[in-house]
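Next come the structures, one after another.
Across the two complexes that follow, chain A remains constant while its partner is chain B and subsequently chain C.
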Partner chain A sequence: NGVAVLPAPQNLSVHSTNMKHLLTWSPVILPGEMTFYSVEYQGEYESLYTSHVWIPSSSCSPTNGSECDITDDITATVPYNLRVRTTRDSQTSAWSTLEHPFNRNSTVLMPPRMEVTKDGFHLVLELEDLGPQFEFLVVYWRREPGAKEHAKVVRRGGIPVHLETMDAGAAYCVKAQALVKTIGRHSAFSQAKCVEVQGESLPL
Partner chain B sequence: FGPCQVKGVVLSELWKAFWAVKNTVQAQDNITSIRLLKPEVLPNISDAESCFVAHALLKFYLNVVFKNYYNKRVEFKILKSLSTLANNFILIISKLQPSQENEMFAIKESAHRRFLLFQRAFKQLDIEAALAKAFGEMDILLTWMEKFYHQL
Partner chain C sequence: ELRTLRLGSCVITANLQAIRNVFSEIRDSVQARDENIDMRILRNTGSLQDTKPSDRCCLLRHLLRLYLDRVFKNYQTSDHHTLRIISNLANSFLTIKKDLGICHDHMTCHCGKEATEKYRQILHHFEELEPQAAVVKALGELNILLRWMEEM
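Right after this comes the complex of A and B.
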């Protein structure tokens, strides 16, 4: 009756970077037709109050790859249980469940990519758009001994931000870090990028 | 919520989850003459009292409203929204630690009376109607919660 005939996927793990969460597993190699997988999740509420309830993943029920972007399924900063099974026609494997529940507060925060440009005498910055949960702390300074650092919080990436009106012949440097208030954490600062009013962008 | 600090919740995620099912859920609420979250329940709550009221209401939603909805054969879209709301409510409740000190007794009592108004109204309805109305009034609850939400 098609129950637990197929081998279950193994080696489930979640790779989470900058609040993008990817569930991966070892592919199940079977002769003949293509193998599919179904992914389901259960937040802390479901596991505490309605443990029989598992919710199909938005994008991977089913899927034929051995990974699943679960970012849109993880919508609270609480532990989530995740499970995967193999499916083929009417046959299904047993469920494989992630060994430890995943909480998005464990995501790895990387510094944002950024473009530092000059528009005439204006120092302009455009940060990578990492999504609505991200803000950025931007620090910029004029490159000279004893220069004072200026800080600015940028609420959203993907849009040019005017930082400073520069003096002719001076060089200015910028660095930025990503902030995620939902999980109360921030990334390291990016490498500084500098521009000179007449020169091109000078990597440090 | 007054003395109670809650971090790590993105209210826009809760709104997004509710908007996704608002029409479906509110269409199931046929009793338009009754409101559970009456004007006497939420508005004009002092900061100090808000922590108690929020704790009581959210706990009710977790223990009664959401739980009953999960046991119904709801459609996938509603289940996903429920999950987002329920798991964020669990997070909020875990952070809401209403003070148990004696001088807060009067405030706690006032909050409890407000909650009883809501609970009594809920119990006066048939369970299916009450669940639909309570879930449908989520926008009233989120709007009220938003008042206490400060962009840090």
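Right after this comes the complex of A and C.
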């Protein structure tokens, strides 16, 4: 009757970068057939109002790896409890629960990758597509003493954005930071990248 | 896209479009289970827009509490996808209710006679129905509540 005889997974932890959340644990090594795991979660609502309710992860119930992308399960900015157990045929282990609830507002926000190019005299930027939750603050300037910085909010990555029409012989620089409104945070600025109308992209 | 809700002196932001997108995944199946199609729990007369601004925060707070205390937790389903969607909705509503709680702490979520009376009527409509039927209808009417919030 599936009494807990299998060892439970250990060392659960969540690694979250740019709103992609990965739950990992130490694999359970058993002789013979493959070992599977089941992942379940409960948001703050469940823990407050229906603490007996745990929800199977959308992508890891079951899974045979020792990690689970829980990004699609973590859908609100509230603490989430997470648990994993080992399963094999009808046998299951006890549940191992993440020591501290995970909240997506703790995600590590990295500066976005970007490509700065010129199309004739047009300064064009393409930012990394980090998904629908991200916007970007882009700052660009003409590289000369006392130059004024211009700022622009770009709603979505992955599409070329025209920033400026450049003057011949001048160099222009661009930097960007990622913004996530749902958690009210932003990344550091990326390193600036510059182009010169007749030159190639010049790192600072 | 975060939206600003102006509820009298209480101003909060919420990602209503994301919530609407999520709800749309189960709306038809939930509404199909509603057998009481000749009545409504959330009626225009009790709407947020039809409520004076200073009472809107209180009315919304009562409504969110109704959904959190009596709707989401009592909706019976064995379907895991529906369970995940309801968890998403419930935790999103919980976030909004916390923001309204901050307004309440700052005395900007006053419960006047109008809010109290309108909520009493909504609760009456809810309790007129058999419990699970009321839960099904209220969940099916979530798009009405979202529309009320979008118009704040």
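Just so we're on the same page, the second predicted complex is superposed on the first by the 204 of 204 C-alpha atoms of A that agree within 3 Å, B and C clash if a C-alpha of one lies under 4 Å from a C-alpha of the other, contacts with A are read in each partner's own complex, and residues count from 1 in each chain.
Basically, contacts are C-beta pairs under 8 Å (C-beta built on N, C-alpha and C of every residue); 3 or more make two chains touch, one makes a residue touch a chain.
Not measured: the values here are computed from a predicted model.
S.K.: Could you check whether chain B and chain C clash or fit when both are placed on chain A?
M.R.: Superposition result for chain B and chain C: clash.
S.K.: With the two structures laid over each other on chain A, which partner does A:Ile55 touch: chain B (first), chain C (second), both, or neither?
M.R.: A:Ile55 contacts both chain B and chain C.
S.K.: Does the superposition put A:His15 against chain B (first), chain C (second), both, or neither?
M.R.: Touch partners of A:His15: none, neither chain B nor chain C.
S.K.: Return first, second, both or neither, reflecting whether A:Ile183 touches chain B, chain C, both chains, or no partner chain.
M.R.: A:Ile183: touches chain B, not chain C.
S.K.: Of the two partners chain B and chain C, indicate the one touching more residues belonging to chain A.
M.R.: B
S.K.: Report, in rising order, the residues of chain A that make contact with chain B in one complex and with chain C in the other.
M.R.: The overlap between the chain B and chain C interfaces on chain A comprises residues 43-46, 48-50, 55-56, 58, 73, 75-78, 181-182.
S.K.: Can you tell me which positions in chain B touch chain A when the two form their complex?
M.R.: Per the touch definition, chain B meets chain A at residues 7-10, 12-13, 17, 62-63, 66-67, 70-71, 76, 79-80, 83-84, 86-91, 152.
S.K.: In the complex formed with chain A, which residues of chain C make contact?
M.R.: Its residues touching chain A are 2, 13, 15, 18, 22, 68-69, 72-73, 80-81, 83-84, 87-88, 90-95.
S.K.: Quick check on the complex: what are the chain A residues that touch chain B?
M.R.: 43-46, 48-50, 53, 55-56, 58, 73, 75-78, 105, 132-133, 181-184
S.K.: In the complex formed with chain C, which residues of chain A make contact?
M.R.: 42-46, 48-50, 55-56, 58, 73, 75-78, 181-182
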